[in-house]
Structures are given as C-alpha cells and as structure tokens.
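Take a look at the structure below.
In this document, chain identifiers A, B and C correspond to the written order of the chains, with residue numbering beginning at 1 in each.
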C-alpha cells in the first residue's frame, strides 16, 4: 500500500500518552482498592449473613460477572442521569471498575476461604473470638494469601479491560490515543505505541505484584537452627 | 499470565514492529476500483447510522438519511448492487483506506488535512458546525465556553475546529461516535456539544422537553464523497455524477427532504 | 418526535444479539483450533516453538482486546496490503484473542494429565506424537472443558467492545436504539439483561462441569 510510517509524530505526543497511561493506572489502583474492600464485605455477607442478605449479594455477583463492563459503564454514565444521578466520566469509570472488580474479587475470595481448614475456624470460635475477628484473622488473611495470585491476575485483567472507559469519555490511555490518532491521521502508529505501553504496564504490574506478595506474605515457617 | 509470556509478548510486538516498518507490500495492480465495481456489479459504501439527519436507523431497522439516500442513488446510477458498510464517525476514513468500503458517503467535510489521506470528489452538500445546548446554559459566543464542559465527536469537523475556538478553561470531552455525544448532551453530562447544525436541529425537534438550541456557529463547510487516492477513475466518475445530479435537481431534492433546508450553490473542487 | 421503544426497536436489538452470538461462536471455534496448535507448541520439545507460542499468548493476554481490535481495523490493511471486510476483520481479531486464552487453558490441561500417563505410554513403546494423540489429549480435553466453557462467557462479554468500532452487535444495536428513542434508562439495562440471559446459564454450566470434574478427582488444578 506504500504506507509511510511516521512514528516521530507519536514521539512528539508522548507526554500526553503518558498522562493517559497515568490515569489508567490511577483508575486501576483505585478500583482495586475500593473493589477489594467491597469484595471483602460481600464475602463476609455471603458467608455470615442472613438469607435476606445472601440473596442480593449472590445476585449482584452473578449479574456483574455475566454482563460486560462496557454496558455497566453505559448504565452508570448514560442511564443514571435519567433518575437524577449524574456522575462525571472519570467518576463513573472508577465506580464501574470498582463495582465490577468487587464481584470477581468476591468469587476469588470465596475460593480462597474454602481453603481455610475448618478446624481453624472451630478453634477460634472455641477460644471465644467474636465473629468479625474470627473472619478477619483466621479466615480472611489466609484466604487473601491463597487468593493473591488470582487477585493479581484479576488486577491485570481489569487494567487492560479499563480501556473501554474511553467510550464514556474518561481520559485514559485509549481515549488519548484515539483523540491523537484522529487528529494526526496516524492511526497505526499511535495504536501500536499505545498497545506497547499497555503491555509494558501489564508486565510492570505483574512484576510489582509478585514483589508485593513476598513482602506482604512472608513465608509462614521460619526454621531456625538453635 | 506468566511474566515470561508477557516478556515474550513484548518480543513478538517488537518483531511485528520490525516487520511493519519494513518494505510495505504493494497492492495488486491491474483492475481499477471503478472497473472492478462495473465488473462485479457491486459497490460498498460507508453508512454512518448514528448521525442524524445524514444517517440513522429507520423504523424498519434499515439505514436511512440524506447520505444514505445519496449513496443509494449513486449505486443505482453505477448500475451496481449496494452494500452498506456500517461505520462509526471514527471509522469513515479508515474503512475506506483499509478497503472495507469503496466510497465514503458520510457527510465528510472537505478539509486539507483529510485530503492528505483520501481524495475528495466534488461536494454535494453543505453544513455548518455549531455549539448547541439546553436553553439554561448561557453561551453566546466562543468566550463563554470557558468553565463549561463541551462534548465533541472524534474524527469530525467539530473535533478539528472547536478546540481551536475554545478558550482556556474549556473542558473538552470526546466520544467515539455522534450517538454518545448526543446522549451526553441530553442526559446533562455536558453543558453543550459541538455538532452539525442539522444534527442539532434533529436533536431539538425530537426532544422538545430538553430545550436544545443552537448557541453559535463555529464554521461552515462543504462535504462530499471520498475515495482512495489511487482511485482516479472512480473519482472522476463521481465528480461527473455530482455535476449531473446537481443540474437535474436530484441532489437538491434529497438534501431538502432530510435537512429541511434548500441546497446552497455548490462549488466544484 | 422521537420514536418510542416498541417491537421494531426490540427486534433490532435482538438482531444485534444474533451477531454477538455468531461472532462468539466463530471466534470460539476458530480460536479453538488455533488454541490447540498454540498449546501443542507450548509443550513442544522445541524451545523455539515454546517461545514463539509463549510470545503470542503474552501479546494477546497482555494487551487490551479493544486495542487489538483497533489495530486489526487500522493496521492490518496497511501492514499487509490485504483488504478485508468488517466481518472478517472482527472475527480475525477475536479469533486471535480467543486462541491465546484457549491455548493457555489447554496447555494447562495437557500439563495436568498425570505424568504417570506419559511414563506408561513410553513403557508401552508409544512415541511422543502417538502418546499425545491417543493418551494425553483425550484426557486433557476432559480437563479443559470447564475452563473453556468459563472462557466462553468472557468471550461473549468481550465482543461488546466491537461496538466501539461500529460493528453492529447487541451493544451497538442498543446504542443506536437509544439514539432514536432517547430512552437510555430502558435500553442499556435491557442490553445488560440480554447478556445476562445468555452468559449466566453458560457460567452455571461451567461451574457444574468443574464441580463434576473435581468430584471425579482427576487432579485438575484448582482455579
């Protein structure tokens, strides 16, 4: 086709691309923290709550996991104003990502919780610990340890999946790339570089989370010679 | 996702990069697009279906609108069966360049920037880009955009012109298609939006409660069909077609039917 | 006046759902074939094959599917000079995407087949291709079914991003209908419900298959 590649144009706009990448990172980390908190609450409610609470919790988890993030974002950004709730684009993006992540997080934590030996829980109860403390120390922490790899994977999946927030005008890396390529007519070059940035971010996130794991969850047994 | 895989993925990306920037393969020469259309009796034309009144989805689920009707007439006069290639605003030119469509008839305003990548035919319509918004939003001129949130669609004339006219402190918000831009305006997510005057009128007419009105005009432009730069013979044919149908009033009739406005005198390109 | 949301509008959205299902089916099938090739390459004794397959998986799992779609729509034609219509381009993009994930799933399944099976096959004098074909793969397929069905849900949901490049699947059909009816409060939740109606049964099936496999105790890795 005789297409002449001009990556210099991309280089000129690198600061804008990086600003978009920064927002992607901030949205992802924010959604991870909020989503994980919510996931813990959901898991507690599911494990210890009454039937009236369990039903909606399960319904929420199943609904969020079986509908696309993009449609969830459309509802948050375009549908809610009809009932008077008007969220900004970046707010809707953060909320949407967090709510979505919470559902997956809850499922992952449930799997992690099942790995906790029942005897531990029984022992803690026998010691007279209250339900929430039993949950926090005996169930949750070991569950997080087991679930960590899956949660880390889910973080990377979410960060990559966050590219759809561009459709509701949040100014993430994808949005910045789209705007730049439509004004400079250098579509291929910009998409190529942006894809590379995403790949680099996924790699860095993966490495960082691996390091964090070793720091957060040091080996349980330390054998010391006398 | 193992880290090893991601690293190897980076290597794969690098390999593709090298392949991409190597010598690009040439398109098969020989048959011009016009010849191919006449031989196969088939032509593919872009259809932007989220851009009132140029292109919408009619109540029968089929594309309708001024550019859609123009495309139908063009295909009929070519003697070819028409296949619509549904595109969003950002895909109008890429679909043409990638060969998914032969002709782009989707209210593409004629600009010198676009002319670097596509070849425009003689214009067959005119439009103006306006800023529109609800009555309660006070915008009398470009200066009033400061401190307000303005929605624009990517890859459109409004994206190319409004940012230049916007003062510092304007928050510009970009969507991938005209539909979401209109939705953002109607749902109150933005204070105003940039779009063609016809689209603004269409939105206002269909939503009397929203009280959408035109605030001011940003620029005017002529729009025309676009083809790939190599398709000289097709471009000449379309130029001739526009000339004939301007003269016999067909283009004017289509234009007035969908926009409610008389077709202004059209210059030649 | 704007149109109300009636039967024609619902029909349009349902028509989009057909395209969603069609795209998912083609990507799953074609991606399944590709995934099998990738999985075999990943367990190959040739290091070069392992690295290339690993690179492919890393590339498609480490980048957003939306970006892959943009590149397929913008880049493929300029790179190769091959012109492709919208449907082939979209199906190619999702096939490549599915192939990477399915390849990983099936590699996991192949590696989950107990090593004793390999040893027993070798003891019987079977060479590697025959071992794979007759002993390992049949067992791997059974192990791979639950995560594959689970991935199908991911695939169906991921086709929603095709709406952003204008491909009229159910999400875009909904978008277009919002713009002629101006009822986002009705249409977007409806689209969500349609996805749920399709994905939830598949999710339940995947869960049931996984539990059945665990009960059989064939040593599948716990997700």
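Going forward, contacts are C-beta pairs under 8 Å (C-beta built on N, C-alpha and C of every residue); 3 or more make two chains touch, one makes a residue touch a chain.
Here the structure is a predicted model, which is why all the values come from computation and not from measurement.
A.B. asks: Weigh A-B against B-C on C-beta contact pairs and write down the one with more.
C.D. replies: So, comparing the two chain pairs, more contacts are at B-C.
A.B. asks: Work out the mean Cα position per chain and let me know which chain is farthest from subunit A.
C.D. replies: If we average the C-alpha coordinates per chain, B ends up farthest from subunit A.
A.B. asks: What whole-Å value do you get for the distance between subunit A and subunit C if each is reduced to the mean of its CA atoms?
C.D. replies: One centre to the other, that is 21 Å.
A.B. asks: Between subunit A and subunit B, what is the gap in Å from one C-alpha centre to the other?
C.D. replies: Here the centre of subunit B sits 36 Å away from the centre of subunit A.
A.B. asks: Counting in whole Å, what is the centre-to-centre distance of subunit B and subunit C, each centre being its mean C-alpha position?
C.D. replies: 33
A.B. asks: Tell me, which residues of subunit C touch at least two other chains?
C.D. replies: Answer for subunit C, listing residues that touch two or more other chains: 59, 62-63, 74-75, 77-79, 81, 164, 175, 178, 184.
A.B. asks: For subunit A, give me the residues that contact two or more of the other chains.
C.D. replies: Where subunit A meets two or more other chains at a single residue, that happens at 1, 3, 78, 81-82, 156, 166-167, 187-188, 192, 195, 199, 202-203.
A.B. asks: Where in subunit B do residues touch two or more of the other chains?
C.D. replies: In subunit B, 1, 6-7, 9-10, 13, 20, 24-27, 90, 94, 176, 180, 183, 187 touch at least two other chains.
A.B. asks: Which of the residues in subunit B end up touching subunit A in this complex?
C.D. replies: So the residues of subunit B touching subunit A come out as 1, 3, 6-7, 9-10, 13, 17, 20-21, 24-27, 90, 93-94, 113-114, 116-117, 151, 154-155, 159-160, 173-176, 180, 183-184, 187-189.
A.B. asks: Would you mind writing out the residues of subunit C in touch with subunit A in their complex?
C.D. replies: Interface residues on subunit C, with respect to subunit A: 59, 62-68, 70-71, 74-75, 77-79, 81, 153, 157-158, 160-161, 163-164, 171, 174-175, 178, 184-185, 188-189, 191-192, 195-196, 199-200, 203, 222-223.
A.B. asks: Can you name the residues of subunit B that touch subunit C in the complex?
C.D. replies: 1-2, 4-13, 15, 19-20, 24-27, 44, 49-50, 52, 56-57, 59-61, 85-88, 90-91, 94-95, 97-100, 176-177, 179-180, 182-183, 186-187, 205-208
A.B. asks: Quick one: in the complex, what on subunit A touches subunit B?
C.D. replies: Contact set of subunit A toward subunit B: 1-3, 5, 7, 77-78, 81-82, 86, 88-89, 153, 156, 166-169, 175, 178-179, 182-183, 185, 187-188, 192, 195-196, 199-200, 202-203, 206-207, 210.
A.B. asks: Spell out the part of subunit A that touches subunit C in their complex, as residue ranges.
C.D. replies: Its residues touching subunit C are 1, 3, 62-63, 65-72, 74-75, 78-79, 81-83, 111, 150, 156, 160-164, 166-167, 174, 181, 187-188, 191-192, 194-195, 198-199, 202-203.
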